[in-house]
Every structure is written in C-alpha cells, then in structure tokens.
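Worksheet: one structure, shown below.
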Amino acid sequence: MKELIERLRSKFNAKNIKEQRKNFVFITVEKKDLEGCVLYLKEFEGYGHLTLLTALDWIEKDQFELVYHLHNYSNKTDVSVKTFIDRKNPTMVSINNLWAGARVYEREIKELFGIDFPGCPRVNDPFALEGWHEIPPMRKDFDTKKYSEETYFPRPGRYTKDNVAQMEEQLYPVEAEVKNGIAETVRKK
Amino acid sequence: MNIIHVIGFILMLIGFWGMLTQKNMIKIVLALAIVETGLQLVMVAFGFIKGRTAPILDSAELVNNPASMIVDPVPQALVLTAIVIGVAVNALMLTFVIRLYQKKKTLSITEYKDLKW
Amino acid sequence: MTEVNNEENKIIKPDYCDPELFCTALPKEVPRMNNIIQKFYDWAQANSLWLLAFGTGCGSIEMRPLYTARYDISRYGIAPRPTPRQSNLFIISGYVSVKTLKRIIRSYEQMQNPKFVIGLGSCTINGGMYWDSYNTINRLDHYIPVDVYVAGCMPRPEALIAGFDELKKRIKEGRGEGANEYAKNFAWYKANQKKIIKDWDMPDYNW
Amino acid sequence: MDNFWTTLLYAFLSMFLIFNYGMLLGGVVYKIIARVHGRFGPPVWQPYVNLVKVMGVRTAISHGIMFWLGPVFRFAGGIGLFLFMPVVFGSVWMQNFSFSGDLLLVIYFIFFGQLGMALGAAESGHPYSPMGIMRGLAQVTVSEVPFALAVIALAAQHGTLSITEIVAAQQGGIANWNMITNPVATLAGMMAFLGMMMHAPFNLHLAPQEIPVGPPTEYHSNFLGYMQANRAFFASAKLILFMNLFFGGATNIPVLVGKTFTLYMFAVFVGVVNPRFTLENSIRWFIRIPTATGIIAVLLYTF
Amino acid sequence: MVNPLYIVAILLGTGFLLPLISKAGRRISLTVFFMSLISVSAISYQWLWSFLFGGQTAAMFYTAGVEPPLSINFLIGYKEAIFLTAVNFMGLVGAIYMSTQIKETGYKAMVLFLLMVLGLNGLILTADIFNLFVFMEITSIATFSLVGMDLKLNSLTGGFKYMIAGGLASVFLLLGIIILYSLTGTLGIESMSQYVLNVDNIKLLSIGSFLLIFSFIIEMKQFPANGWAIDVYDGANPGITGLASATGTAAVFYSLYKIMPIVSDEILSIIIFTGSLTFIASNLMGLMQTNPRRMLGYSSVAQMGLVMAAAAWSVFSQNDGIFFTSVLPLLLNHFFAKAGLFWISGIIKKNDYRNWGVIRENKVLSGIFIVMVLALTGMPPFPGFWGKWNLVLDLAANYEFFWIFIILLGSLFEAGYMLRWLGVTLKKTSEKDIIAYDSYKVLAIEIINITLLAVSFFYFFRQNQGHLSYYLPYTAGLALLGLRSLPERFKGVLALTSIFFYGYMFLPLQTGFVFFFNAMFIFGAFVLTIATLNRKKRSSTFYGLLMLMTGSLIAIANADNILHFFISWEIMTVTSYLLIRRGNESEKESYSYIMFSLGGAFLILSGFAYAYSQNPEFLSFNILSMAQESSAAAFILISLGFLIKSAALGVHIWIAGAYSKAEDDVTPFISALLSKAGIFGFVMLLLTMGIPKTEYIDLAYILSWVGALTALIGTMMAIHEENAKRLLAYSSMGQVGYIILALSIMSGLGWTAAMFQMINHFLIKGVLFLAIAGVIYRTGTADMYKMGGLIKKMPWSFTAVMFGIIAISGVPPLTGFGAKWLLYEALIEKGWYLQTGAAFFASTVAFLYCFRLIHAIFLGQPKNEFRNVKEAPAWFIVPQYIFIMVIFLFSVFPKLLIDQITGIVDPIFGSGLTWQGGTAITSLGYWNGTTVMTIVGVIFVVLAAGLFIKSPKVQKVKQFNIVFSAERPETPELTHFAYEFFRPYRRALGWMIAPYAKNFWAAVTEWTLTISDSLRKIYTGNTQTYIFYILMMSVVLFYVTVGVK
C-alpha cells in the first residue's frame, strides 16, 4: 500500500492522501491526471473493479468533487481517487471505455448534478427523471421542499415536530412539562 | 514380313519416340516426317512381290504382260500420293512453327499451353 | 478521448400523438342504470374483485401475504389479474414518483369502466416520508380518483383486508363510480397530471 | 333425426346442463387447489359471480373485427364440440348432433375454436398474444400425437370410429372398458389428456408472470365472458370425450358426473404437484414417452 | 441428274481460277465464289429431291470411265444425298457468315474455303478407301490453313495441335488401308466389305481394321485423345470452328459410317464403347467450363461420340431404321445447333458465360440462342429429342440398359452446363456492352435457326403421323408466342378465351380421370390467368409460355401413349423452367428445379424403356400393365420420376426456391396446377401397373411411408420459414405428401381421399398463393415479419387467406376436413396405423404455419411503411373469391364432389363409401358435411348476434392501445412478434428438419464437379501430352480388341 501510494504520488502527483484503513486509501489528483491515474490503477495495479462513481457538490468552493472508487480483487484493497472540477463549467472526461458500467454512473451524475461526460453513450437520455426541466436536483442550490410544495399539492394539515421534543414529551412527560414551564417563564421574563 | 517392314516399323517407332521426347517444335515436325517415311516404307513393302519389277511400263515386255511381271502398282500409287500430301503437311506445319516463333520467340512446345483444361 | 458511436444505441421514437397509432377519443360517462340489474351487477362487482397490483414500494411486499394461506383473500372472491383490461381493482401500494405516475395513469385508463382504486400507505395519502421530495407526489387523488385509502407506513395485510371490506361496502352502495368521476372531471385530472409530467408522451386518454 | 325440433330442444337442455356442470366443476377445482395449498378458497359459485361481473362491465374496446369475432369463434367451437358428441349412452336426449360426424370430426373440431381465438387475439397487436398462441399451438400439436395414436389403436380395436359404437362396445361392466381391454392406448391417451387440458405442468401458454395470461391478454368484458362460458363447455366436452373413449362412457347423469369429475381431478392433481414445463421440455416429453406408448399401442394392433 | 463429279469440278475449277479472277476485283471474285457454292448446293438439293420424291436409286459414277482402283469413283445414295445437302448448305451459310472476313482476306481464304468444301463433299461421295484418305487430307489441310489464317496465337497453337493429331491419324489410316488392301486386294469400300469375309489371316485383318477405325476415332475426337480438338474449338475463329464442328465432323462421321461394314463386331463395339465414354466424360468435363466456346467444344465432342456410338449400334444390330430415326436426327440436331451457337459466340465475344446477358439486347439473337440451347439439351420438338427417344427405346428392346443409363446420365450432364449458361443469359444483367452485330453473321445464324426449326418440324410430323390432334392444346401457346408484339392485356384476354373455348369444346367429350384432371387444369388455368391480367409490363414471351405450360398439362392428361406423355412432360418441364426463370434472382433456384425435373424425366424415360423392353411393339400405356410380371424396376424408376416432380422427401430441395423465386402470379400455377402433373403421373402409373408385388419388399408400404414422411417433414419445414412463398411451397410439399399417401392405399376410399385432397389443395393453394401475390404486389416484400396488421388495409385478402387456412388445416366445417376424414378412414381401413399417426401429426403441425402465415402478415402491428398500402388489385381478388365460392360449395355439399370422384374410382376399386341422405358412411365412420356446416353456422351467427346486442357500443382503438406492461410501445417493428416465431419448436424438434437431403445433394454436386474438375486437368495444353494420349489409346484399345486373342 505504501509503495502504491509512493508510485501514485510520483506518477500522478497525488495529494491529500488519507489512509482510511490499512487497505483503503483516499487520494486526490488533478483533473487532467485522473484518467491516466485510473487507467494506471486498472491496468498495472490490478484495480479492475469500479465500485462507485459519484459526485459531491461543494457549492462554497464552487467546485464539484468526483469520486472514483476502485477495488482490487486479488489483494482486497480499495483506492478512492478524487478530483475537483469547476462548478461553472462542469465537464469531465468519460471513462466508459475503461468500464462499460461507468456509463450508468455518468448518466446518473449528468442527470442529478449536470456534470457532462462528452463521449459517453446515451449520457443525455433521462435516467430516473423523465422530462426534468429544472436545474439538476442534487445541486445544493436546488430547493427541493419549495419545489415539492409548489408542484405536488401538499395535503393541508401536515405539521412537523422537533424529534427531540417529541420523544421527551412521550417518554418523560413530567420533565418535559417542567422544562417547558421553565422555558415559558424565561420567555415571559 | 521382310526386312523392309521391320525397318519401316523401327523408323516409325523412332519417330514416335521423337514426338514424345523432343521439346523443340521443329524436331517434332521432323519426327512426324520420320514416322511418315517409315510408314511409306511399310506401304511399299506391302505391295512388293518377290521377283517382280517396278510398275513402270518402259519396256515392251512389261507392256505386253504387266500383270505377271510387275508388282502391285496400287500401293506405289498410294505411297506417291502419301509422300506428296506428307510434304504439304510438313511444309504447312513448319509455317505454323515459324508463325508461332514470331509470336513467342521460343520453339519449346511446353511454352504453348495457353489453351488447356 | 475516443468517440463512441451512438448510432447503434439510438432509438427511433415515433411521434407520440400520432393518431394512426393511438386512439384519440376521450372517455365518456356511462351512467348507472337505476334498476335491479344494476344492483345485481354491483353485487357481482363487489364479490369478484380482480386486482391489478401496482407494486411501487414497500407495499408490494405487504401484498404478497394476502394470497397465502394465512390471509387468503381468494375467499372473498378477490384474485390477482396480470392485465389491466381484465381487472377492476387497482392497488397503488406505496410512494408514487413522477415516472411511476405516468405508468399508473396509463394502466388506470386501460381498465374498463367500473373500476376501483385503493391507495395503500401514507405515501399515497400525503406523500408520507417523501413529502418534500422533488420527485414524489403527495396526493394520489389529484391524479386519479381513489375509492379507499388504507393509511399506515406500511399497513399490515389485515388493514388491507379491512380496506377491501370498506370498498365492497362502497360498491354495493353504488358509490364506486370512480371511472365516471374521472370522465366527468377529466379536464381537471388531466391538468394536474400534465402539470407534473413534463414530457407527456401519450395521448390524452389511453384506451 | 326424424324430429329435428326435438333434437334441438334436447340439445338446448343438455347444453344448459353441461354449462352449469362445467361452471360448478371450475368452482370446485378452485376450491380443491386452494385446499391443497392449505387455503380456504373461493366459494364454488365464484365462476358464476365472475361471469356476471364480466358481463356487467360497462365499456369495451375493440382492436378490429377479428378481435371482436375471436371469442365468438371460441365459444362456437366449444359448443360445437359438445354438440357433436354423444354425452350419455343410451339416453335419447343426450345424443346431441352426434349423427353429423364421428370421432375424427370431434378431434378436428377442437381446433376450430382455438384457431379462431388465435386469430382474434393476434389482431390485438399485443406481442404476448401470439407468444401465448405459439406456445399453446405448439404444445397442442405434440400432445395430439399420442392422443391420435391412442384413438387409432381404439379404432383398430373396435373397427369403428363412431363414438357411440365405441361406447357401446364398452358396456357390460368395468372389464369391458378400454382402460382394461386396451391399457396401453389408455395410458397414451391419458398422458395426452394432461397436455390437452392445458393444466400445469403444461400451461406455459398462460404463464401469468412472464406473458400475462397469454392469448387473451387484451380481452375483457363481454369477450372475456364468452371465453369463460366457453371454458365450461370446452372442458366438459373434452372430459366427456375421454370418458367415452377410455372409461366406458356413461349411461346416466350421475355416472357421467362421477367419471368426468374423477378424470378432471386426475389432471388437477397432476397439475398442483408439478411445476411448469418450458415449451421445449413439454414438446420433448410428449414426443418421447407418450408418443412411444402410443406407438406401442398401435403396433399391438398392426401385428 | 447432274453428275456429282461436277461438284468436284466446279469447286476445283473455281479454286484454281480465283487467283486469276481476283485481279478483276474483289466483288467479282466474291460473286464467283458464292456462285460456285450455290451451284454445288443446287446439285446436291437436286439429288436429294430426286431421292425423296423422284424414286431415284443409288448410282455409281466413275471418273474418266475407268474402273476402280485406278480412278476416283463416287457413290451417291439416299444417305449421301442428305449429307451432301447438309454439308453444302452449311458451307454456303458459313460463307455468308464469314463473308466480311473472306472479303478482307482475299482470294486465299476463298480458295481454302472451296477446297475444304471440296474435301467434305469428296469424303461423303467417295466409294473407295484410298480416296477417302486423299479427301480427308484435302479437308484437313484446308481446315488447318483456315484455322491458322487469322494469325492469332491461340489459332496458331490450336492449328499446330490439330495438325500433329491429324498427321498421326493419317499415319494410322494409311497403315490400316495398306494392310486391308494387301489382304483383300481391293480399295472399294463395298467390295472390301465383301472380301473381308474370305480373308484367312484374321489377325492381320483385325489389326488393319483396327488401325483404320482408330484413325477415325482420332478424327472424331474421342476421349481421351481429344484434348487438341477442344483447344482448336477454343482457339480458332468461331466461324471456322462452327463449320468444322458441324460439317467437318458430319463428313468424317459419314465416311466412318461408310467403312463400318468392313470391320468386325469387336471393333464396332470399340466404337460404341469409346463413343459412349466420350459422351459421358466430355459432358462431365463440360460441367466445369466457364468459357462458352470450350463448353461448346466439349458438347461437340460428346455429341459426336454419341452419334458415332449410335451409328455403330445401328450397324452392329443391323437395324438400318435406327440410322434414320435416331442417328440422323442426333447428327442434324448437333449440326445446326452447334454451328449456330459457335457462330453466336463469334458475335458475343465473351469468354465467360456469366457475361452473356448482353445477348438480350438483340431479341432475334437471344431467341435463336434459346432455341439452340434447348435443341442441344435434347428437348422436344427438336430432332435431338427424337434421336434420343428412338435410340433409348431401341436399346431397351435389345436389353442394353447400361447404355441407356450412360446416355441419360451424359445428357443430364450436358443439360447441366447448357442450361446453366441459358439460365444466366435469360435474366442476369451484366455490364452494358456495345456488341457489333455484323448483319451477314446474324443472317447466317437466322438461316440456320429456320432450318433447324424446319428439320424439327419435319421430324415432328414424321414421328407423329395421325396423332396431330393430340397437339391441339399447344396451339394457343404457339400462337401467342407468334403474336408477341400485341399489348399484354390483349394477349391475356386471348389466352383466357382460348382456355375457355378449349374447355367448352373438348371437356364434354372426356370421361374418367382424364375428364377429372382436365377439368381441374382448365378451370384452374382459366381462373388463375385472370390474375395475370394485372400485368402492365410488356413481355414478349410470358403468355406464350404460360399457355404452352397449360397446354402441356392438358396434353399430359390427354396422353394416350408413353411418347405423348413424355413429350408433354418435357415441354411442361421446359416451359415451367422458363417461366420460373422469369422471376428476379431466380438463377440458382430455377437451375436446381430444371436439373431435378430433368433427372426425374430421365428416370421416367428409363422406366418407360424398361417396360417397353418387355413388349417392344407398342408405345401405349398398356405396356406398363403388360409388363407387370417383372415390372418392379420399371415401377420404381417411373415413380421416382414422379416423386421428384411432387417434391417427395429427399428430392424436395428444389421446391422452396423454385416456388419462391418465380414471379408472384406464376407461383399459383406451379403450386395449384403443375404439382398435379406428378399426381396425374401416379394415377396413370397405378391405374395401368398397379403396385407390383415383389418378394421381399412391399412397394405400396414404402410409397405410403414416403408420402407420410413427405407430409410430415414438409409441414415441419414450412413452420420455420420467414418467407411467405417458401412457407407455402413447403406446405404444398406436405399436402402433396398426403395425396401420395392416399394413392398408395390402392382402395376406393383411399383414391377418393386422394382426389378430394387434390381438388382441395388445388383450390386452396390457388387462393393462398394469389392472396400472397396480391400482398407482395402491394408491399414489395415476401418476408412475413416485415409486414403485419394488413387486415385493415387488405380485408378482402385477409378473408381469403383466413378461409384458405381454415380449409387447408382441415378444421371443420370447410373442405379440408373432408379430405382428412377420407384419408384417415381409408388408412385405418387399410391397417396402416403408424402412417395415420404420422399424417395426423403433420396435419396438426400444419396449424402452426397456418397461424403464422395469417398472423405475421395480416394481424399484429401494422408497420409505418405500409401505412398507405391499398387492397390488392381486383385482378387478384376476383379469382381468389371464385375459388372460395367453390370451396364453400364443396364444403356445404361435399356430395357433389365426392359423387364425381366415386363415379370414377368405384368401377376400378369397388365402392368404399355409401350415402345416407347427406351422410357419407364408410366401414369405420360417418360424416355429414351439410349438417356440420349448418350447425356451426347457426351457432356462430347466434353467438355473434348475442355479442352484438350485449355490447353495441365498443370503442375502436388503434394499434398502440395495448397493455404493454404500462409502457408505450416503442415502434411497431419491436412490438410485432413474428420473426423466428416457432423458435422453441425448432429447439425441440429441429433434428427432424436437419438438412440431410440438402447436404446429400450438395455432396453429390460437389463430388460431380470435383471429378469433372480433376478429369479435365488431363488436358494439360501440352501438345506432347496429347500425342501421348493418342499413342497410349491406340495401344490400350489395340490390346483390348486385337491383342487379347
């Protein structure tokens, strides 16, 4: 594992290395190095299985993070390769020629985050949403509650309770009453 | 059966041998000529009757009694005709050989195999 | 980056509203007859419910035991039927996403006139735990007429059988007229449906 | 034939009888299947309720004229099959129109309804319909082989193809039944019977999970009602046919009920304890064991 | 009478004068040249005329009044006159053909040409053996020179080889002559043939006569010493080749014929042996040729082998009649057709037969081409047919069955390559090519063609004196071929009128089976011809061929002896082949059809020959019944031929291709009518011959299994076809299998079943193929899975197909059930239980393809591209409904038809069927078609009315309004389930239809071609190899004939 990390560091300038467990490591590479890195891991290090490809929205940093999670069957180790891409212009190279299964992930990410993978077959076809016209729903700037209320005729009469307060009331009614009384007293004052 | 028959047949066999073994077209034509020569000898031999003379009626004796004096004239006539025809055929064949040589610049019979199967 | 040839994966989709392919007629109300025959038919409808189960979520798991020896709905004359043409009871058993709703509408419209709908679980009533999802509807009765809701998350088979009983009562009372209601308020239902189904790729009524 | 109208009246009477018998038989079978499963099961009159419900459906759609006519073909085939068969031996009024033709007519008339129905179902344009028809027809073709061989063996045995005469030859006690006198043919015939009744394990054409109910997947309301009513006739007619051929026929109605019920139970019990065959498997099975049995039955009379 | 010496005088004189005249100008010398040829021809015509009509007897002419052997003497008789006329006529036509070339080359060519004609005349005329040699050499030298005259490499090479072989031949000839002369002391052929009887030295005599004959064997280009000849045919100028092939061989052949009386029977049998060997070997080698001229060369060599063997046979069996009835027609056939084809190949300068499609640019030439190829393959009414027919019968009368086998096999090979060539030429379009049509050449070929036709008709009339009325059915076809330029519809109406008129006039005169079959053929042809009126594209031959085929069918049914039967059979084969070949891309399929059909025809011929050998006096069908004692062989041969025509199992592989590739409105004719010809053959055979009893095997039993398995396997194959016409073709095969099965029962009930089934099949296949033709006409495809849902566009066609499949599958109440019922009753009555089971299986499997046919085309999802198709034209619909009305008539009142049949069958076999009112009763069961129809009809109507009353308001929906697992169907193509419909069935029972027969025939073809290919490799092209063959052949033959003793 150590040697592998060394090699990745020297070859692909891997940064931000975090050994989660002794057989699981996170690394971060530049966007341009990513394809070479996963190709290298697949072809030379035996990480033949793409377990997962997902995205995270770092709206504060104005970046998307893509996570490529690879697994090696022979020595049971995992490498998670991360990369950051620009949120303004979310485009990433497709790795569907390395793993055919990546097509599904890329299609899903395209639909839910709006990250484009040029060259991936049927990447523009709807995946789970048919006829979605809003901004991609998994982006942080999409307000799902507001959208739901505007669109889906919420049935009136629904109310929400704070979970902690609800449980306290049910399990410890006396304490809750006291607590509420104190709080009311404080407010009154 | 006499010696001339034998010589004639031997000549014919030599001719056949030549036709089968020689690659040169002129030699093949010559071999055919040898066959014909042998054949002509054989033919003459078939017409020959011992003790008689050629059927050329140049003396009075012969004119008077040709049937008992001369050999059968028919084979000789045949041979004469055959010789004439043989010469003509040989000449024509040599013409063909010349024409063929002009086309391909070779006399080897094995080179003229464009038509086959 | 290598170019992938998309040609082979391309699906040629015909125009969805092609009147050559789809019947464009709208549903009509078929009024009840007010006589003894109608009562007889109602009785038969109530005692011979052929259900089309639309297993969308956890509800489809809860419906399996209904057919088993423990609950055995067949003794009420209820039998599963694999095709909407022959069914008269439609069970929506869980949350309904937009994509699912399209199929639900299509199946519902393909059923023949006396047809009844049971909404199973809280999700069909008010969205349940998915109430604020961007992709899950909240109220099923805005899209198709629902006869009976069975509340719970998830309701047990006993609750469902109680729902069937309630439905039978409704039918025998002559209140199971969801199909006619749908035809009467067709414009309203359709507007609601079209509001959330953006890529409406079917004719207005799926015969 | 001296009085056509009497014959007609008798035919209506026997049709009424056999319709109710077939309906109740269906109900009883549902009940029995449920009991084998350990369930309570629907009431025995459930088929009537279903029929009424289906006929009471208010709307209907049609894919075209053949779709509309398909159930008519089917129903006419079922009734016709029944009408061409003598039902109760010796009875005056249960002979139907059996004077119109012999065993061969009955065998071939089985296909009339199936073919018409197939045409109607296929016009719906639903891919599952032809799929189911393909499976059903393919299976019928092979299950008919042992049946035909058994029938040929019977014809050779009795020197006739008339059902009435075959039944007549079996009168006089169980020892005269073809089941006893010609056991090999009976064996072949009963194996074919399993396929012809289209119960499990030979009901791939219905295959509810994979191609929902097969051919009639688009049928509903009155069309479906016709088919359900036909089922009562068709199943009973087939049962009567087998009873007449192999089990001595019936001289009165209780015997008829008893024998046909037992026969049906045979198919049902084989069905409830067996999984479903794939089409290839059932074809191979029919072309091997039952056909071989049938060939043996025939060879016994050839030499 | 003009002294034939003038022939020599004129030719020789002109030849010597021409160098002088040529100084006066080309035109004059050409005129003189032609004048001399014309005058020579005139002399020979005049001789022929006086022999034919003037009662002239043979005459001997001596030069200068001197007796032989000192002078040349000529004998002119009947045969000489014929040959002289032919040779001089051909010389004249040849000169016309080559006139352009001759004009260019100048007087040298004319002299050589005249010398060649002189030599040929001399060869025919001379009466002494030495002059034979002289004239042969004159001919040879002139021919060598003509061959080499154009100075091309191939011509020169060929000429050189020719000269070497010719030199060797003359060596042997001279040796033989001198030996014979020394033994007999004479050169006159006639005197020699008498003197040889007194010769003591038998050994030397046989050596001499062997050498004499052997030189002729070389000159006649016999296998294997004939490689040089084929090279000459290939390399030389086609004009010369044609002449050499026709006149040269004819003259040499005649001189050989003249000297045959000299030689002994052993030597004659050598001629027969080498001739037959050459015939079969050359034809076999011809199979692998692609160069038409070489192909013609092989054919030429083979034909000469046959003619030579036949002539030797006529001398051997001392039957001079054979010379006129068989040898001469064979020779003349070859004479004209071969010359014509060689000359055509001089116009179409294509070295690969696959490029010969260009010939169709010239209508005249292509017509002549067809005529000549058919003549060469020995089709009636060309002389070759009569030659072969008479030869085969004569051989049969002498129990020479091996030679019959050789002749027929060789003829089959020859037909193999000639018809392949024809097939390519008839339809295949090759690259556009401008062909220079020299008008002299075309003129010459046309003259040859007309002469060939004249000779054909001469032989035709000669062979058929007093039987001409039998050929009446052909007149309409011939007339329509003549009226080729009329508009298409007009011709169609004429055809209809002629059929109607014929039926009106002659049908009432007939009785029994003849009436039955004739009625079917005439009615069927009439109704089916209506559909052809839809044709708009002008075709010069279609209606002619169609009427010829119909006529041949009627003629087959009318045939009163085996000759008429066989002629009509051959004409039917050829015309149906030409009709099938009219379809697009039908080359392979039609070729397979014609080869199988010809094979079958030859089998029938050999069977006839076998029966004839028992009673050589008659030609009538009675010989079949008279030959009953030992006739199992004849029965097997003839029935094999009919089985091929009926596409029985094992020989069925042609059927699907031929049916599917024929034009759509022709296929109904083939299926509904043509397939019944084989059935009629069976009826005829079984009526006259019965099924012969043999000691070890039961032929009837075997035949019944053939029928049952044909029915089963044909049906099995039908269900897996994607192409509608192929499906119906296999269905036809299965249905005909039932008929064969029913016929083999040989009982009244069985034959009633067979006839009923036949009428049933005739009506239904007419309906189905016409309906499919209409569909294909509108949609442009025969692949069923590409269609679908056409019921809404073509309701009439759909209804027709629906009735058709209900009838064909045997479901009551339509006629199909009657056929099945009769069949099973008859089978069980006979005790053939297993066959019953097989037939039953087949009839249930038939449901599968029936459903598939109607579902894939008419039901299911309509495709977008066929959204705007219309109903098939009324021309297709009307005949279908005529047939359907007949079907309904016979369904409601089966008694109408069955009474007709039993009226014919019962007197022969005794009655198996009684009637009680409308109920048919057999020993086993009963059936009342009328009540069944009534009951079913009433139930159906009542139920339909009930449904209509119960739900009057039904919403009509469209194709995509289906329950598609709550999805919307993507496209009609993805929703229509039709492709590989019965795949599970194939998985389970595919072993039944594994292509055993196809593989077997493929292997037979492959082996034949491989043998052909390796055999032809012996012709290496090296002259010395050829010399070696000649010498080796002389040695081998010498040891076989002379050396053994």
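Odds and ends about this structure:
We just call them A, B, C, D and E in the order they show up, numbering each chain from 1.
Here is the rule we use: a contact is a pair of C-beta atoms (placed from the backbone, for glycine too) under 8 Å apart; a residue touches a chain by one contact, two chains touch by 3 or more.
Predicted model only: the values in this text are computed from it and were never measured.
Listed by label, the chains touching chain B and chain D alike are E. Apart from chain E, the touch network of the chains falls into the groups A, C, D | B.
Among the chains in view, E has its Cα centre nearest the centre of the complete protein Cα set. Centroid distances from chain A, each centroid being the mean of CA atoms, peak for B.
With respect to chain D, maximal separation of chain centres occurs for B (centres as means of Cα atoms). Chain pair with the highest count of contacting C-beta pairs: D-E. Averaged Cα coordinates give chain C a centre that lies 71 Å from the centre of chain E.
One finds 109 Å separating the Cα centroids of chain A and chain B.
Distance between chain centres (mean CA atoms), chain C to chain D: 36 Å. Note on chain placement: the centre of chain B and the centre of chain E lie 49 Å apart, centres being C-alpha means. Each of residues 59-61, 212, 217-218, 221 in chain D touches at least two other chains.
Among all residues of chain E, those that touch two or more other chains are 955-957, 959-961, 963. Each of the following residues of chain C touches two or more other chains: 83, 85, 207. Taken pair by pair, the chains that touch are A-C, B-E, C-D, C-E, D-E.
Across the complex, chain C meets chain A through its residues 1-4, 6, 9, 97-99, 102, 125-127, 131-139, 142, 192, 195-200. Interface residues of chain E, counted against chain D in their complex, comprise 789, 791-792, 795, 802, 805-806, 809-812, 817, 820-821, 824-825, 828, 831, 833-834, 836-837, 840-841, 844-845, 847-848, 850-851, 854-855, 859-861, 919, 923-928, 931-932, 935-936, 939-940, 943-944, 947, 950-951, 953-957, 959-964, 975-978, 981-982, 984-985, 987-989. Those residues of chain C lying in contact with chain E across their complex are 11-14, 16, 19-23, 25, 83-85, 103-104, 106-107, 110, 201-202, 206-207. Residue ranges of chain C in contact with chain D, taken from their complex: 30, 40-41, 44-45, 47-48, 68-69, 72, 74-75, 77, 79, 81-83, 85-86, 88, 112-114, 207. Every residue of chain B that touches chain E in the complex is listed here, in rising order: 12, 16, 19-20, 23, 25, 28, 32, 35-36, 39, 42-43, 46-47, 74-75, 78, 81-82, 85, 88-89, 92-93, 95-97, 99-100, 103-104, 109-110, 112-117.
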